[in-house]
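Once you scroll down, you'll see the structures, which are given as structure tokens.
Here chain A shows up in two complexes: once beside chain B, once beside chain C.
On to the complex of A and B.
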């Protein structure tokens, strides 16, 4: 177990820079941000996904992620591990069904889970039109999602303000889709 | 703790406790007689933080928080892949890192004997001597209370 541990952030500013990048990405859905932190994450995580986990998790959250990354994250942030249906943060390598994830409650919608989709590339896949808060008018981009995923995304708007947020990660880049974003395949 | 000459210095919790109680200068001094510590990478820290000290009322009653204490900690991996942890009270980051490096080296059978002899054993003896001196001092000023039985019936 211990042989595969690699260093995390070496100072608090790295964590703060990542938090800022995620905040910016969440405020501008569909816009790609690049992280330039020096980090050597476990093989199953991209740098962007590893940075998100280091910046956002601590001992009060539950995370579902690949086994080889679990020891690493628990060592650095003390996060708890849980199956995806109970987790606050879920790491997946491909678009998966989001209907099982915790969407929070009407009293506490902020408890909705965040899905980190760790994919090979951000700008390939199906063409989608994004609109909603944070987007002037609408934008059309390619995202590595499936039509199934887009249908589930549309369905979760019926539960607003509950729902899950998504951060797409690839290499050092990330792109966020808060639950308020409207997405349609074109 | 540690007064017993039979204490096994080769137990990891024991050597970590001894190293944590020494200070960085003393450890560095002991290391001059020891084999060089392997090169290493820092996995976490060295960094300072707080730990909550817990205790029980009367030693066995309900648990309560005594207060927080400043600690320094560090985790390293040496070139052989061994992970070393160092925790010590106070803010001495050099101390925490030294403890972590020695902890990693002590897990290496090739280095263990020489490091125990050069570093852990002398430090354990110092701690035992310090403890014995304090106990002797306390013994000398001990007041023995005894009850005078009342003669009245």
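On to the complex of A and C.
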């Protein structure tokens, strides 16, 4: 591991711009947003995932992320570290089992975790049809997910409003899937 | 402005509110608690809306603020100049020129777009408040989607008054799940909530709750099959612009019972007058 930590955001406006991009993505599931912040994050984080973490985490939240990025994030935002089952934000490099993450409770579903799925590319993989809040009718796109993940997503709907929300990150791009979105492989 | 952070709130507070907003969007209609701050104006003047706006706004945004549809009332002017001073952003009174619209109890007459966000000021976010005084119990009712008492309340209105006796803050169901207060907008505006292309965010400062309706989301006003939701509009034309379909304010204009009906949305009224002229 390098001794030197790369810088975080230059100013508060970077944080605001990233938040608005995330909000736009979360409000329009399937819509890809590109971030052009100047950032050189640790190798295990994409720029998009690093921007999400810098914009949204601080000492009041728990994060689970790769070891080589932990020092960097703790230095910049003071976020606490936790195992994935207790974390508010989880960074993963591939579609994984989401049933172990905190999904909140029926009374406090907002406590459900946010999964940052850091993948090589967004517009690749299996064809899925998305529908639900934020989408007029339905849209069909390719997502880098597995059929097993889609099955877990459907199971998650049986526990609604509990569940996790996903932000797919690749390079400088991100795309969000709030728990309310319905997804079927076609 | 010297001595203050951009848009007044400190960054830690904004981050906390931003996280709450994202969860609110992911769970349409669910009230997310947040650590509401004291603001330099009293509760009831839009502290929830202002905190949302402060957390959303960026240097490139163009802000419009309305109070009961009007751009030129004390509350609207104060909030607009608050952000002009603390964030240095451009402000406007034109609905179509705004990227961010903060509103007290109205939705603009012209349809909002996909690239706009509307922020509602909410005095009482809990739609079950008058039926169930305990917050712990009403939260449980939301968890179980136990909304029978609200239907009973509307039914009792019909048996006693012959109609549903609410003309504003008519309860809605969002995404077929959560019962939600649309804030005290007139029932006339309720249909605009349904599948609106703009993101709708609701902030209650005193009650410390944030909730949201994402774009294109189903929002249904509560009613019965044989008593469909039927919002009322004063059966007049606007005395200033002649508009026939806008929401009207009734104004007393003399001490002999004279009345005038005029558009509540001042920007709509002004643009209608300009077009007719």
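Note that in this section the second predicted complex is superposed on the first by the 183 of 186 C-alpha atoms of A that agree within 3 Å, B and C clash if a C-alpha of one lies under 4 Å from a C-alpha of the other, contacts with A are read in each partner's own complex, and residues count from 1 in each chain.
Here, a residue touches a chain if its C-beta (ideal position, glycine included) is under 8 Å from a C-beta of that chain, and two chains touch if they have at least 3 such contacts.
Here the structure is a predicted model, which is why all the values come from computation and not from measurement.
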Query raised in the report: Which chain, chain B or chain C, is in touch with more residues of chain A?
Result: C
Report task. Quick one: classify A:6 as touching chain B (first), chain C (second), both or neither. Result -> first
Requested in this report: Could you look at A:120 and tell me whether it touches chain B, chain C, both or neither (first, second, both, neither)?
Outcome: neither
Query raised in the report: Touching A:76, do we find chain B (first), chain C (second), both, or neither?
Result: first
Report task. Check the residue A:26 against both partner chains and state whether it touches chain B (first), chain C (second), both, or neither. Result -> second
Query raised in the report: Taking the superposition as given, does A:43 touch the first partner, chain B, the second, chain C, both, or neither?
Result: neither
Report task. Provide the residue numbers of chain B that touch chain A in the complex, in ascending order. Result -> 41-44, 75, 77, 81, 83
Query - List of chain C residues in touch with chain A within their complex - result: 5-6, 11-12, 14-16, 18-28, 30, 32-33, 55-59, 114, 139-140, 142-144, 175, 177-178, 195, 197, 199, 213-217
Query - chain B-touching residues of chain A, taken from the complex the two chains share - result: 2-3, 5-8, 10, 75-76
Report summary line: Touching chain C in the complex, chain A uses residues 12-13, 15-17, 19-20, 22-23, 26-28, 55-58, 60-61, 105-107, 109-110, 112, 114, 132-136, 160-161, 165, 178-180
